[in-house]
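Below are structures written as structure tokens.
Next come two complexes, and both contain subunit A; in the first it sits with subunit B, in the second with subunit C.
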Partner chain A sequence: MTTNLVIAPVLVALVTAITCILVRFAPRVQRTCSLVGVVAYSATTFALLARVWPANTLAYQVGNWRAPYGITLVADPLSGFMLTMTAVVAPLTLVYSVRHLKAPGQRVSYHTLFHFLLVGSTGAFLTGDLFNLFVWFEVTLMASYGLVAFYSGRDGTLAATRYVVLNLVGSSLMLLAVGGLYGVTGTLNMADMARWLAAASPAEATPVLGLSLLLLAVFGLKAGLVPFQWWVPSAYAAAPAPAAAMLAGVAKKVGVYAVIRVGFVVFAAADPTFTLGGLAGDLLAAYGPVLFALAGASILVGGLAALDRPTFEETLAYSSIGQVGFIVLPLAVAAAVPDLRTVGVAAALVYALNHALAKPLLFLVGGLVEDAAGTTELDVLGGLAGRSPTLAGAFLVGGLSLVGIPPLAGFFGKLLVFRAAALGDATVALAVAVAGAVLTIAYVSRTWNRAFWGERTDVVASMGALDPVRLAVVVALAGCIVAVGVGFGPVYGFAEAAGHVATGPGRDAYVRAVLGGGVA
Partner chain B sequence: MSDAEVVLALALGVLFTAGTFLVLRRDLVRVVFGVLVLSQATNVYLVTMGGIGGVAPILGHGGTITDPLVQALVLTAVVIGFATTALLLVLVYRTYQEHGSIDLDDIQGAVR
Partner chain C sequence: MTTVILRTITRLVLPLGFVVSFAFFLQGHNLPGGGFIAGVLTASVVALAYLAYGLDVVEEDVFGREVETAVEHVQHGVVRDYQTLYAAGLAVAVAGGLAAMLYGYLTDTTIPFMTQTFRYATVPLFGHIELASAVVFDLGVYAVVVGALLTIISVVGAE
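Here is the complex of A and B:
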């Protein structure tokens, strides 16, 4: 019964989500339930983390159905890393939301949607079954549709419609890929599929390549990589600031996580003598150029587009396209060079952690400015730094972390991305990363100069007082970024342990834990 | 390959073609129909992945049975598709209310 804890975070979030619907007629009770629920969620997640740390794999067989026949939930360092990220961002964002959103909006749907977003992404981080991953994706998406359409104005409904249509097509493609993989391998359990691939001959495994690339495209859509980025800017601009923070901080990372889990743990298990065209190596070798094209294009398109956006949120939305490119870039190197699997995945995870802390921080700063000044147009803002040094300081920490200044978390993220590219002799990747870094400096300093520096404009001079609670949340996120940077040793140790699952021995341990562990 | 499989393969091709064509229309309602056709085509495809040669998978009927797992998957996918389509229709209706049109060119022109 010791592995029951694996399912606890999902259950806590699910119970909270449903309770929030039931008590919607008592707003204060609902808010309390929601806050208690998110704290309980974080507590169970950290309890799970303590069991997984430093390198354990726990498998929970749902309903006591033996793997590979039932659905297995697996907590290993990789899931643990993603869950910890969520468990830090979610409570802070929720505290901010309670103060940010008007009472009617909170009463009707916000808390329920928020917790269902947690249910979906937590399920996706924990599941060991490919079809189940599809279901958790849908849960996450359903909640995010609601959050994007939350204000339901002119732009909001259109943004949400675009988001839903794109993701419905994406879901169909994912089902096609999952169904095809089941037809070829005869299993949906990820560990079992890895075992099948390891035993299959290259000829048997060939259909898997096309199907896995179809899956990769769907994950790219969820992560908002170019050329699937079209939904990102309008969706983030339409969603309330804390919801945008959750979408950028947590929901996008589900796509990145799926690339690592399915690509680097399952498909990498195929026979290493696999060849296709000029590419030789395991199945993942074919992923390398594809991932690199997606990542490189995202870094450049996101960075360039962020340079001249008229508002705060739009700059951040385009920036997040570029930043996800930075997360995927080391994965591309790792896919192409088998020796760098651990290094590349660890670099991607550290960068993902940096983005998961910095981007919500910036979105929340944007929300505070919009609330107090009534606008986030960079043209009419100016001199915010003099108006509220605390807010400006928090923005600076988040912005500089995106740029990669020591001792912030972003410094190590950038450093590891560059290191992975240099170790893999990937000159083009290195050049793209440098160009992306320069673009990041350019748009962060543009936003800083326009909004925070300079003469105080009328809008800023006449803006009301900033809510101390929300300000405290923003400062707490800034504190997290500094803390990760200063105490980077254990964070990197954990990321490396998570990256270990992408290697042969790590994969064997994963497969053994799921299939050989039996029922708990 | 049995006759039924050939017919299903052709039907799938037609469905995916029609779905893709509709999704690329300017009219939002046609886009919804396109998405619907695509997701139903996916469900048909899923059923064929389990093999369609055997008898119904009921214990004691004897003979070769078809794979019941894909049918369970399709059931799940149908339910999820139902919910998302309902939501999408609501959103399209709201878009019509907000913009007074379901022609995407008109709407985009109005936004910019």
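Here is the complex of A and C:
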């Protein structure tokens, strides 16, 4: 049963983006269109979620061309989980942006770029085709370039140049890998590729290993994992606060999602007798150590670097490197231990959800502080808690969620990451995770102590009033974090359903839904 | 750059380029060619005119508008029209895809986005020709490519 609802979120965002260009000379109309568009986007996404819940897979053949020849969109719990995350963060961020950015900036490009960012990430979450994944990545990146360079100036241009150059290299490598995979498997449709891999002999499938690892490196670059983290701090610090919130909350998750979708759904389908240098197991077993190295290094580098950053945003940017490490760590365990696929993917998704809510919240708090105080230097801030208890409360919820204090979303995120590591007997992973958790406590409490507690400094004392709308957005995000933590049952149920696609039966269901019975 | 040779050649090549790009555009949905390549060709022909006659040639000689300064040229002049052209192109391309969904809704069936169809028609002089709905999408692509490339060429060229 095909339904146009599957493509609706992409179309809504695309139409909104185009409308925003066409009405760019009427700023008010443009703002209204943009806000209406993002609300419609969330509405259609939740409608789609209602169809996918609790564990349905809907395939959509664009242009009525049958898979694997046409372009397929697939909405399954995994996509649904990521989309819902986006649909919560995007409207809040956009409302904040409308109040945060000056009118000329909004008029020229912001709304269009914002919606194209949504188009790109939504498309990436929905696509069932490897080449289209590349295309949606590019759409996301094009919009991100604009958002990073938004304030232009020296910092913005430098950050954007760095970002563009790294991602151009990444994109060319990705294109190379996708082309190679097409050469080896003869298909670009993910479901069809999974089926080919399941039927292929180990010898036939060997070239896929190298190509898939190349893809993994590119996804690591998009997700900002060490050693590809160079672009992250400058890009997040240079972008306007709400744009940084979207980049950290949504765009970064596209890389993580791609690792799960392509690694755990497609490549894991290969014959399980695959061996490589003593690592027995399926193709994913080779992913295990690589993912672990990336995740472990990210957690440590991000956490350590975040300890002594001079400003609010830079602390958050480095923290985001470490937090993505936490998202990928359970994936590494799951890759190495096939029995833990569902648990590991579910843990990664829950952690991603936590990060997607907490990090935008913190970036937006930073934006408010910068706007009111004119600076986010931790040295000159102090006593913000007494100045605005609401803002401090929201920061505390976000910060504690990063740390992992019950009953916030982050507690379950950390718990599941530790559980995956413990179940997989991965002592080193567990140790790294504990070290990372301690580092998180350290940099969150440092930021809290410096900016919110202590003597009220001159800068804070002379600070203007905080915008109530933006404050409300921040509080709403804090509310989401509490809500996810308190009502965690259904969230985990859905994450588990999403993780199920990484198992044999789940993959079969996915392939059946896309290819319809399996005849090519 | 603006020698007599270049100007003369440009005057010769300009109409040829437009005709060829139009042919590419028309046959593109099922033969070599297409909205993208036609758009690139059109944009290159205009870029050639820019090279031979200067950046104000479109603004002054085609639209008959006065250009005050370079900044004016980028912010208000023809560049603004180019931007509208690519926005309109995007809109046309998406609308072409949405039309299929609308048709499905009106006829109570589910037709996916971007579904295309075609009919044959007999027209005097041309005979038996194919009318494909994909041309609408191609037209959108053509406008996007021409608009975007000329925006880039004009803005970067002015600097």
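One rule holds in what follows: the second predicted complex is superposed on the first by the 514 of 520 C-alpha atoms of A that agree within 3 Å, B and C clash if a C-alpha of one lies under 4 Å from a C-alpha of the other, contacts with A are read in each partner's own complex, and residues count from 1 in each chain.
Everything that follows uses one rule, which is that contacts are C-beta pairs under 8 Å (C-beta built on N, C-alpha and C of every residue); 3 or more make two chains touch, one makes a residue touch a chain.
In this text, all values refer to a predicted model and were calculated from it rather than measured experimentally.
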Query raised in the report: Overlaying on subunit A: subunit B and subunit C, fit or clash?
Result: fit
Requested in this report: Could you look at A:L22 and tell me whether it touches subunit B, subunit C, both or neither (first, second, both, neither)?
Outcome: second
Query - First, second, both or neither for A:A483, with subunit B first and subunit C second - result: neither
Query raised in the report: With the two structures laid over each other on chain A, which partner does A:N64 touch: subunit B (first), subunit C (second), both, or neither?
Result: second
Report task. Name the contact category of A:N4: first (subunit B only), second (subunit C only), both, or neither. Result -> second
Report task. Compare subunit B and subunit C by how many residues of subunit A each one touches, and report the one with more. Result -> B
Query raised in the report: Which partner does A:L158 reach: the first (subunit B), the second (subunit C), both, or neither?
Result: first
Query raised in the report: After lining up the shared chain so the two structures overlap, which partner does A:G179 touch, if you call subunit B first and subunit C second: first, second, both or neither?
Result: first
Report task. Answer with first, second, both or neither: which of subunit B and subunit C does A:A472 touch in the superposed model? Result -> neither
Report summary line: In the overlay, subunit B and subunit C get no closer at Cα level (Å) than 7
Query - Contact residues of subunit A, present in both the subunit B and the subunit C interface - result: none
Requested in this report: In the complex, go through subunit A and note every residue touching subunit B.
Outcome: 131, 135, 138, 141-142, 145, 149, 152-155, 157-158, 160-161, 164-165, 168-169, 171-172, 175-176, 178-180, 182-183, 188
**Report entry** Contacting residues of subunit A [partner subunit C, same complex]
**Finding:** 2-4, 7, 11, 14-15, 18, 21-22, 60-64
Requested in this report: Report the residues of subunit C in contact with subunit A in the complex, numbered from low to high.
Outcome: 83-84, 86-88, 90-91, 94, 98, 100-101, 104, 110-116
Query - Touching residues (chain side subunit B, partner subunit A) in the complex - result: 23, 28, 31-32, 35, 38-39, 41-43, 45-46, 49-50, 69-70, 73, 76-77, 80-81, 83-85, 87-88, 91-92, 94-95, 98-99, 107, 111
